[in-house]
Each structure stands twice: as structure tokens, then as C-alpha cells.
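You will see chain A twice below: alongside chain B first, and alongside chain C after that.
Now for the complex of A and B:
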């Protein structure tokens, strides 16, 4: 892979990884005796590994191919493999923490294996590790294809991908050591946050530069969504993580916000992470891979416009619905609730646009599990956005809040929507990227599909039952006007559902493992096939002499 | 190159653009979507007019209904208290025997006490109040401080070894650590105490006689000559088969060698007098049920 870089780029890689390694060394020295020091060592080893790879390829001959005549897919390939790695790790952690809730002995009494530390490893593992890598990888792919232009740069895609994974690694290892900012989905400490800002800015610049090179007059919808994802996540991340480090030698900082302002900032972040990370980015995926696979035109361009602007405009207001009936002033809650309800229309417009696109391709949905992954993702997207708007209504929220219903809702979105569209897209793109005729085994794709569906349904139904039972038990009064149930009794009532959740999660994990195996075998043994056309074309005259490089 | 085509399936025109094989139809936004937009927006508007909604510089639009979350919750809490005052006042003022005579009051207790116990006490004393190592059973009729209503009420009010000014004080001295007794002597006393409650010991008669002397010298002041305990000091009866910590060699050695100071929170200020009365009655009834 390094040999596809020019000598200057390889030297650049050497210098960059050297700098990061140096930063790791400084972190290790400054944070001696603190988890920050461990993070320094992790950074040093990570960057050192990259440095070695660059060093070994330093004297390789210059690449001979005409680079502008093909797409640059190496970072995409690595990104997909990393996404699958994190999927297995993150979902595995999820099954473990779910099992801990049913069988607390599985906590094993070590500090690092306590629920509070493993849970963020699960959430960050699946959202950032799996979802983030899938987004970065597919965005590289989609951006190039829909712009008919090669990535603008050969170093920066690697910097973005590897830098992001370094962030994930620092985050996950930090949780195990007890490092946290105590902000959900924004747990990593200040130095990790700063690093992510650098990575993200490079990502944004790379994206814009590639877009500027495009050979298409118009920007395709998928790219609007990817762009919204990159831009808004940067904004959210920076604002919510504003903090003052307690010292430059330790993993501890104090938020710039306090009290209810802090809570509001956190949930403005938290909800828009759902919106722009887990929705906008994956809509980008959906808008490219679904019509591509179905070989049908998008049902309505006008609907795309309406839903895009609806989603980006309304979502930004909705965060306060996480703080109903709290110290947050009621007018803020009103805005959060009403905007959440108005948000339903563009959300459903997107889901509907996707499903209507399948008109004329339903026989393919029946026969092709890959397309069925995408179809089901759109269905779950519709379901969970409806549920979300519903739960944002204060009266409903007074029952659902703080219960497992919320957990069920999140997983309808995360498993049913985010993971399914990612797996569908991965199955669609892997044969193309590795120049194979098809996935190694369509039967395994098929079994992954059913495992994922069964797992999601079991999980979500278990949590609905558990959450509603829990919520109702909390608010049941006796004739005397006193509480009917103790907290422990609610736990006892929830236990069967917790066990069901472990089963659902394990099925889903099994599907992911099968998927990873299938991808591995595709790369190793599936038959070679060059696609018909998969290289940038400016105009007919510009047709490249060499087809896309292997 | 912008070439509009007609999709044969739907009859709609494309926008004329194409991205790597993907095209888009220029289908009109379905009417149902516009309806949905209209309905949700009108609903939001109405809600904004009626309820607190938009920030102004120093205040916010309060809404025509004059609805205020904070006021409402205060009203509801006050109303909830009002419903309960009748019987909670009675519980807080009447002596336990009189409460027991009053079927109506006792039905409030029966409804309320289990969840009260579950939320506040079960974590230490167990869901069935049968205790566990370090936490005494409340249903075995072997009381440290007494099982009469007044005694239990007092235990709950002030706690044991708790930071309450009137806290009950239970100190089992660390005889080994403070070198009052040597380790062999502690072992002798262990054997002796085990013999008191009929636990099996292989100790010889001389050893038990030696233990009896050590006990009389060191322990009887608190646990009593007959080792039947002292409820003024919270010193447990050592002749029965009820144990807080345990009667086997290792545990009892630890008790006598390192001492014990169990900690039971004071509930005054955390639970109302009425609530403590309910728990007292509940514990007594549980004990009676278990005894039967």
C-alpha cells in the first residue's frame, strides 16, 4: 500500500508519524504516574508502528500508474476492515455489559471490568469505532464516485483514518482506566478531544478539496449529508468539550459549563450526535448504496431537498427533550418537544423516499440480502424516528424517561438502522473495492441478515417491555398514596427482559462475526473480477488509458 | 450533460443529472407530506401560544394557559401530602399498641411498609430481613438492642455507631490487636464461646475451664456472666444460635482479635416518624410470622 505513495508522500508520512510519536512521548513524560502517561505510550507505539511501515517503504520505486486515472481506495479498504474489527469488539462489549446486568457475577470484581467502565467501551466502540470507521470509509468511496474525482491527497486520508482510530483507542483504553469526563458519548479527556479536532479539521478540508475537484456539475445528495455530518460534528465536539484541564500532566479537566447549562450543552451535543453522526452520515450511505444496489432512480429529488433541510434545521433544536421535567426552564422543553414533533415529517420523508426508490426493485429486495439490509434499515429508521418524536412529547416522556424504553429506542436506531445500513453498504462495496465478482458466500450474508433482524427484534421488544413495566412500577401508588413498589422489586421484574436482551444482543453479535468472516474470505478466496467502469472520468476525451488500478 | 429522461415505471421525469449511474426522479412532493408539515406546524404554533415557549431578552412568552411546571409540581406534592396527613399524623403520635388496635391505620402500614423497607433497609438487612454476615437478622427474635416497639423506634431514630448525637454505641473491643489477649488465649476463648451455644468443639475440659476464666475476666462485663448479652450495650447473646458475624472458628477469631463496630445509619431526618413507626410495626410482624 505504501508503494502506491510517491517518495515525497512517504517522507511526509515518516515525518508526520514521527511528530505524533513525539507528541506521544511528551504525553508519556508529562503524565507519568497518571493514565495520561499510559495514553502517551499508546500513542507512541501506534505512531511508531506507522513510522516503521513508512520507513520500510522509503526506498520503494515511484509508482508507475497514472494516479489521476483511478480512485484511491486503499484508505477505504483499511477503514472497512477497521469498522468490522470495532463492530466485533464493541458489540462483544455490549453483550458482556448486558450479561452483567442479568448476572452481576460477570463483573469479576476487577476495577476495569466494572459496568461503569465497560459500558462506554461498548458505546464508543460501536458508535465511533464501528460507525465512525464505516462513515469515513464510505464517505471516501462515495465522494470519489459521485464526484468522478480521485481523493484530494494521499496522506491526509490516512491521517484522518489512522488518527481517528488512535482517538478510539485512547478513548476505549481510558475508560478501562477510569478516565472520563462524565459526559455521555463525550467521555474522552481533553488531550484526546484536542487530537480529534485536528483529525476532524483535516477530514473536512480533504472532503472540501475533493469536492472542489469534482467532474460533475452538481453535488449528489449523499454528499450533502456527509458534509453536514463532518461540519456539525466538528461544531458539537468543540463546544461540548470546552474544558479547563486541571493540570497539563493529568487526565482530568473541568467543563466550561456548569449546572443546567452544562446539562443543556451536553444534550444539545448528545442529541445532535444522534442527528449528525448516527443519522446524517448514514443517510449519506443510504442515498448512495441503496439506489446503486437497486439500480433505480431516487424516487424524488424534491423530497430529498425537503428532508435534508428539514432534518438539519429541526434536529438542532431537539436536544432539550432529553431534559424534560428537570431544572431546565419549561420554555426550553417546549421548544425541544415541538421541534422534535415537526422533525418527524422530514425524517419520514427520507425513509419514504428510500422505500419508494425500491419500487420496481422489490424482487431484488426479495432475492438479494444485501439490498434487504438497506431496505430494513430504512424501515427501522422510520420506526425509530417515529418513536423518538413520540418519546419527546412531555406526557410520554414522563413515563419513558430514565427507563429501558430509552435503551430500546436507541438500539432500534443503532442496530436496526445504523448497523444494518452499514452492513448492507459493506457487502455492496467490498467486492467492488477488492475487485471480486461477489461476496465469498451469499448464504452467509443471508444468515447475517436473519440473525441481525432476530437480534434487533428480540432486543427492542425486551426493552419495550422492561421499560414500560419499570416506568409503570415507579409511578404506581397504593390506596394510601404511597409508593407501591420498591426499586429492588422493579429490578426483579426487569430481569427476564435483561436475559432476553443478552440473547438478542448475542444473535446480533453472531451476525457481525459472520459478516467479518465473510469479508475476510471474500478478500482471500473469492474470484477476481474487474468492474466495468470504476475510475474518474472528466469527459469522454479524458477517458483514461489505464483502467482503475488493483 | 443534463439529459432528462422519463422513468418507464413511474412515468416521472429524472432531473437530468447522473452520478456514477445514480439518477433522481423529479417527482413532486406527495401531498400527504405537505399535510403532515401543515399539521405538525399548526400544532406547534398552538402549543407555543398556549404554553411557555419563546425566550425574550429577560423573560419568555408565558403562554395563554398560564401553565407553570414548578407551581404545578409544588401543588401536586402538597396535595399528595394532604391526602396522607390524617393517618401519618396518627402514626407519628400514637404509641405502637394503639396503632395496632386501629385496623384502618394498620392497612396503611401493610400497604406502605414493604416498599419502604425495600428501598431503605433491604440493601443491608436483605429483602426478607433475614440479614447476612455483618448485618443482623431482624426476624429471628434475637435482639441486640431490644425488639419492643420503643427500642426499635429508638434504634431507627439514632442509628448504631452513627454520626447522630444520640447514636447507640456498639463497641466490641479488639482484644488481640490491643494485646489484651494473646492469640492462643483468643483461640481458647473462641472454643469456650462456641461451647456455650452448643456448637461442636473438640476442646478439652481444661481448655474450656481456662476459657471460662478468661471470659469472666474480659467479656462478662458486656456480654453478661451467663453470656446472654446486654441490650443496653448492644452486646449480643452468645448462647443462642443467632449470629451477626458468625460462629465458626475463623470468623469468631476475627471478631475477638480485631473487634467489631457494626454501622447502622440514623434515620431521623431521612425518614419521618410515621415512616419509622411503619417500619417498626412491619419488622415486628415479620418476626412474628417467621417465629410461627
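Now for the complex of A and C:
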């Protein structure tokens, strides 16, 4: 892979990884006796590995190919493999923590193996590890195809991809050691946060520079979403992570905000992580891979514009619905609720746009499990955005908040929408990237599909039941006006649903493992086939073109 | 009628779509548009929380966490207790009946970060302070199922064996002061000693704690042992102060029926 790079680029890789290794060394020295020191060593080993690879290829001959005549897909390939790796790790962790709630003995006795430390490994593992890598990899793919131009740079894509994975590694290992800011989905400490900002800036510059090379006046829809994902995630990340470290030799820091302001900032972040990480980015995926796979143009261009700006503008207001009936001033709660309900319009516009695109291609949905993954993802996107708007209504939220209903809702989105669209896109793109005629086994894709669907449905129904049951039990009064149930009694009622959840999660995990195996075998043994057109060109080729103004 | 109502919207979308069509040819225009559209909501909802005085009540009796309690809070965060326990009693009758007066903003005024939580796998802890004895808390953390057989809470027996690290406490209190908690120089300088002092009643260090943090401060053995200062001491000291930083909620919300 290194031999694809020019000598200067290889030297650049050497210098960059050397610098990161040095940073790791400094971290290790400054943080002796603290988990930060361990993170220093992890960084050092990680960057050292990259350095070795660069070193070994240092005096390889210059590449002879005409680089501008092809796309640069090596980082995409590695990104997809990393996404699958994190999927198995993250979902595996999810099944374990779910099992701990059904059988507490599975906590074992180590400090690192308790629910509180493992749960963030699960959430960050699936959101950032799996989702993030899938987003970065597909964005590299999509930005090149829709611009019909090669990536602008050969070092920066690697920097983004590997730098992001270093962040994920530091995050996950940190949780096991108890390093956390306690801000949900923003747990990593200050040095990891700073590192992510650097990675993200490079990502943005790479995206802009590639778009600048495009052979096409218009920027395709998918790119608007990827761009919104990159920009707004940066904004959220920087503001919510403002903190003062207790010492530069240790991980611990204290948030710049306190109490009610901190709560609002956190859920402004938290909800928009859902919006711009788990929605906007994956809508980018949907808008590219679904029309491409169905070989149909997007149903309505006008609708895509409407839903795009609707999502960007409305979502930001919605975070305060996480704080209904709390000490947050009521006017903010009301604004959050109102915008959450309005959000349904652009959300359904997107879901509808995707499903209408399939008109005339439903026979393909029936026959092709890959396309079915994408179709089902759009359906779950529609369902969970409806549920989200519903749960943001104060009266409903009074019941659902703090219960498993929220957990079920998140998983309808995370499993049903985010994971399904990612797997669908991966199945669509793997044969193309590795120049294979098809996936190793379509039957395995088919079984993955049904396992994923069954797992999601079992999971979500279990959580609806437990959440609504628990919410109702908490608020039930006896005839004499006292609370009818103790907290412990609700725990007993939850148990069957917690077991059902483990089963649902395990099915979903099994699907992911099959998917990873199938991808591995495709790379290993599937027959070679060069696609007809998959290189930068001035002609419209067979990419989804931007429709003329309607 | 319906048409008339929708007309301005249609006009708006027309203009909007045209503007977009032009913008999508320029990546910088798109970038600027996204940043602008995504900034409005957050700004309008968050900025006023810092400036409108009524957002946080004033409670003159509000006290600060002692170094031992703060250390316990940091352990609470480290162990992810907040993932199963909320610290925010909502303004709903059943919550008030179950957990006590609803939470006020001022109670977490000095909480960097807040620990309101989002999921109640276990009960709310906002007012758990002094609900149980220190001994109960320790035994519960060592083996929750010995006390509550149906519990799914993890055990934390290792805290009893882990000596509390106190050297970094002055630095931690100083960082907290930087972000707005009014610790005095004296409190910061003595943080490490005070952490130990709070867990050894009737000694000179204990008197220092009472002097710097008030006579009301809980000065007890916490984990039941005098000779060692453990992470268990810190965590229990923290749990026992939850809901006890100010009397304002109890004063402003008299119990039902009175």
C-alpha cells in the first residue's frame, strides 16, 4: 500500500508518525503513574507501528501509474475493515453489558469490568468506532465518485483515518481505566479531545480540497450531508468539551460549565451528536448508495433541499427535550419540544424521498438483500424519527424519560437505521473497491439481513415493554394515595425483558460477525472483475448526477 | 383558504431552493450556510442561561464539597454510577413522593460537570444523603445483593482496599476554582490534609475541616476504619452529602398535607 505513495509522501508519513510518537512519549513521561501515561504508551506503540511501515517502504521505487486517472481507495478499504472490527467489538460489549443487567454475576470482580466502565466502551465502540469509520470510509468513496476526481492528497486521508482510530483506542482503553468526563458520548478527556480537533480540521480541509477538484459544477446531495456532519460535529465537540485539567500530568479535568448550563450544553451536544453524527452523515450514505444500488435517480431534488436545511436548522434546538420537568427553565423545554415536533417534517421528507426513489425498483428490493438493507434502514429512520418527535412531547416524556423506552428508541435508530445503512453500503461498496464480481456469498448477506431485522425487533419490543411498564409502575398509586410499587419491585418486573434484550442483541451481533466473515472471504477468494467505469472522468459516467433545477 | 395559507411557505421554498441551487456550486457558500443555520438554535437556547438571573435560584446557605466529598464525586464519575442513577428529581408528584422535594438548579450550581443522569436503572440519588447509615452504604457497595437480593447493581468491594490518592486534591480544587467554584486559598492549600481529616473524627485535622467547611460538615469514619483512608471513605462521604448542600428545597416545598 505504501508503494502507491511518492517518495516525498513516504517521508512525510515518516515525519508525521514520528511526531505523533514523540507526542506519545511526552504524554507517557508527563503522566507517569496516571492513566494518561498509559495513553502515552498506547499512542507511542500505535504511531511506532505506522512509523515502521513507512520506514520499510522508504526506498521503494517511485510509483509509475498515472495517479490522476484513478481513484485513491486504499484508505477507504482500510476504513471499512476497521469499521467491521469495531462493529464486532462494540456490539460484543453491548451484549455483555446487557447480560450484566440480567445476570449481575457477569460483572466478575475486576475494577474495569463493571457496568459503568464497560457501557461507554460499547457506546463509543459502536458510535465512533463502527459508525465513525464507516462514515469516514464511505465519505472518501463518495466524495471522489460524485466529484469524479481523485482525493486531494495521499497523506491526509491516512492521517484522518488512523488519527481517528487512535482517538477511538485512547477513548475505549481510557474507560476501562476509569478515565471519563461523564458527559455522555463525549467521555474522553482533554488531550484526546484536542487530538480529535486536529484530526477533524484535516478532515475538513481534505473534503474541501477534493470538492474543489470536482469535474461537475454542482455538489451532490450526499456531500452536503457529509459536510454538515464534519462542520457541526466540530462545533459541538469543541464547545461541550471545554474544560480545565486539574494538572497537565493527569487525565482528570473539570467541565467549564456547571449545573443547569452544563446540562443544557451537554444535551445540545448529545442530541446533535444524534443529529449530525448519526443522522446527517448516514443520510449522506443513504443519498449516494441507495439510488446507485437501485439504479434510480433520487425521487425529488426539491425535497432533498427542503429536508437538508430543515434538519440542519431544526435539530439544533431539540436538545432541551432531554430535560423536561427538570430544573432547566421551562421556556427552553418548550422550545425544545416545539422544534422536536417540527423536525418530523424534514425527517420524513428524507425517509419518503428515499423510499419513493425505490419506486420502479421494488423487484430489486425483493431479490437483493443489499438494497433491502438500505430500504429497511430508511423505514427505521422514518419510524424512529416519528418516535423521537413523539417522545419529545412533555406529557409522553414524563413517562418515557429515565426508562428503557429511551434505550429502545435509541436502538431503533442505532440498529435499525445507522447499522443497517452502513452494512448495506459496505456490501455495495466492497466488491467495487476490491474489484470483485460480487460478495463471496449472497446467502450470507441474506442471513445477515434477517438476523439484523430479528435482533432489532426483539430488542426494541423488549425495551418498549420494560420502559413503559417501569414508567407506569413508578407512577401508580394505591387507593390510599401512596405509591404502589417500590423501586425493587420494578426491577423484578424488568428481568424477563432484560433477558429478551440479550437475545436480540446477540442475534444482531451474530449478523455483524457473519458480515465481517463475508467481507473477509470476498477479499480472499471472490472472482476478479474490473468495473466498467470507476475512474475520474469529465463525462457524466454512471454516477448519480445532479438533476437540473426543477 | 388552505392554498392562501400555504402560499407564503411555497414562496419561501421557491426562493430557498433557488438560493440553494446557487450555493451548492460553491463549497464555501455551503459551509457558511451550514454553520449559520446550525448556530442559531444553540445560541438562543444556551446563551441566555448564563445571563438571566432567575435561571438559578439564590441559596445563601449553599455549601461547597469538601475535598473528601469531591474526591468521592470523582470516583462516582470514574465508576460510571451516573449511567444507572439520576440526580434530578423532576417536578412530578410521584417523583416528589418517592424521592423528596424536586431538584432546584442551585443545588448543582457548583457541579462541574452536572450529574443529572439520563437513565434510572437504579433509583434517583439526588437526596440519598443520610437516608441510610454509613455502614449500610459500605455494605451495599461491597455486595448489593446481600442487602437487596433483586439488585442488579455491580459490587464495588475493591474500593475498600484502594487507598485514596490525596496529593492531587489541591490541583483539583484549584481547577474547580478556575471554572467558578469559590474555594479559598486556605481550602486549596489544605485540601490533602482535609481529605484525611474528615474521616478521623476528634483529631486536630478533623477540627481543621470543621473550621474551613463549617460545623455542619459530616466528620465520621465513613468506611468504619480509622487507620486507613480509602476510596470507600470518599465515595460514602459524597453519597451522604447528596441533597444536603442547601436547605432551600425543603424550605420552599413543604411536605404534602401540611
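Following the convention adopted for this analysis, the second predicted complex is superposed on the first by the 538 of 550 C-alpha atoms of A that agree within 3 Å, B and C clash if a C-alpha of one lies under 4 Å from a C-alpha of the other, contacts with A are read in each partner's own complex, and residues count from 1 in each chain.
We take it that contacts are C-beta pairs under 8 Å (C-beta built on N, C-alpha and C of every residue); 3 or more make two chains touch, one makes a residue touch a chain.
As the structure is a prediction and not an experimental result, all values here were calculated from the model.
K.L.:
Could you tell me if A:61 is touching chain B, chain C, both of them or neither one (first, second, both, neither)?
P.N.:
The answer is neither, since A:61 touches no partner chain.
K.L.:
Between chain B and chain C, whom does A:306 touch in the aligned arrangement: first, second, both, or neither?
P.N.:
both
K.L.:
In the superposed arrangement, which partner chain does A:402 touch: chain B (first), chain C (second), both, or neither?
P.N.:
The second partner, chain C, only.
K.L.:
In the overlay, answer first, second, both or neither for which of chain B and chain C A:329 touches.
P.N.:
In the superposition, A:329 contacts both chain B and chain C.
K.L.:
Have a look at where A:298 lands relative to chain B and chain C in the superposition and call it first, second, both or neither.
P.N.:
Touch status of A:298: first partner only.
K.L.:
Decide which partner touches more residues of chain A, taking chain B and chain C as the two options.
P.N.:
Between chain B and chain C, C touches the greater number of residues in chain A.
K.L.:
So, does A:218 touch the first partner chain B, the second partner chain C, both, or neither?
P.N.:
In the superposition, A:218 contacts both chain B and chain C.
K.L.:
With the two structures laid over each other on chain A, which partner does A:483 touch: chain B (first), chain C (second), both, or neither?
P.N.:
Touch partners of A:483: chain B and chain C.
K.L.:
Counting contacts the way the document defines them, which residues of chain A are shared by the two interfaces, the one with chain B and the one with chain C?
P.N.:
217-218, 302, 306, 325, 329, 335, 339, 482-483, 487-488
K.L.:
Under the definition above, what is the set of chain B residues touching chain A in their complex?
P.N.:
My answer: residues 2, 7, 9-10, 12, 14-15, 17, 19-30, 33, 36-37, 40-41, 43-44, 47-48, 51-55, 60-61, 67-69, 80, 83-84, 87, 107-108, 111-112, 114-119, 122, 127.
K.L.:
Of all residues in chain C, which touch chain A in the complex?
P.N.:
Touch list, chain C to chain A: 13, 16-18, 20-21, 24-25, 27-28, 30-31, 33-35, 37-42, 44-46, 49-50, 52, 54-56, 74, 77-84, 86, 88, 90-92, 94-95, 97-98, 102-123, 144-145, 148, 150-158, 168, 171-172, 174-176, 178-181.
K.L.:
Which of the residues in chain A end up touching chain B in this complex?
P.N.:
Those residues of chain A that touch chain B are 145-146, 148, 216-218, 220-221, 288, 291-292, 295, 297-304, 306, 325, 329-331, 333-335, 337-339, 341-342, 344-345, 348-349, 352, 359-360, 478-489.
K.L.:
Show which residues of chain A lie in contact with chain C when the two form their complex.
P.N.:
For chain A paired with chain C, touching residues are 100-102, 104, 107, 109, 111, 114-117, 119-120, 178-184, 208, 211-212, 217-219, 224, 227-228, 231-232, 235, 239, 243-247, 250, 252-266, 268, 276, 302, 305-306, 309, 312-320, 322-329, 332, 335-336, 339, 398, 401-403, 406-407, 474-475, 477, 482-483, 487-488, 491-492, 498, 546, 549.
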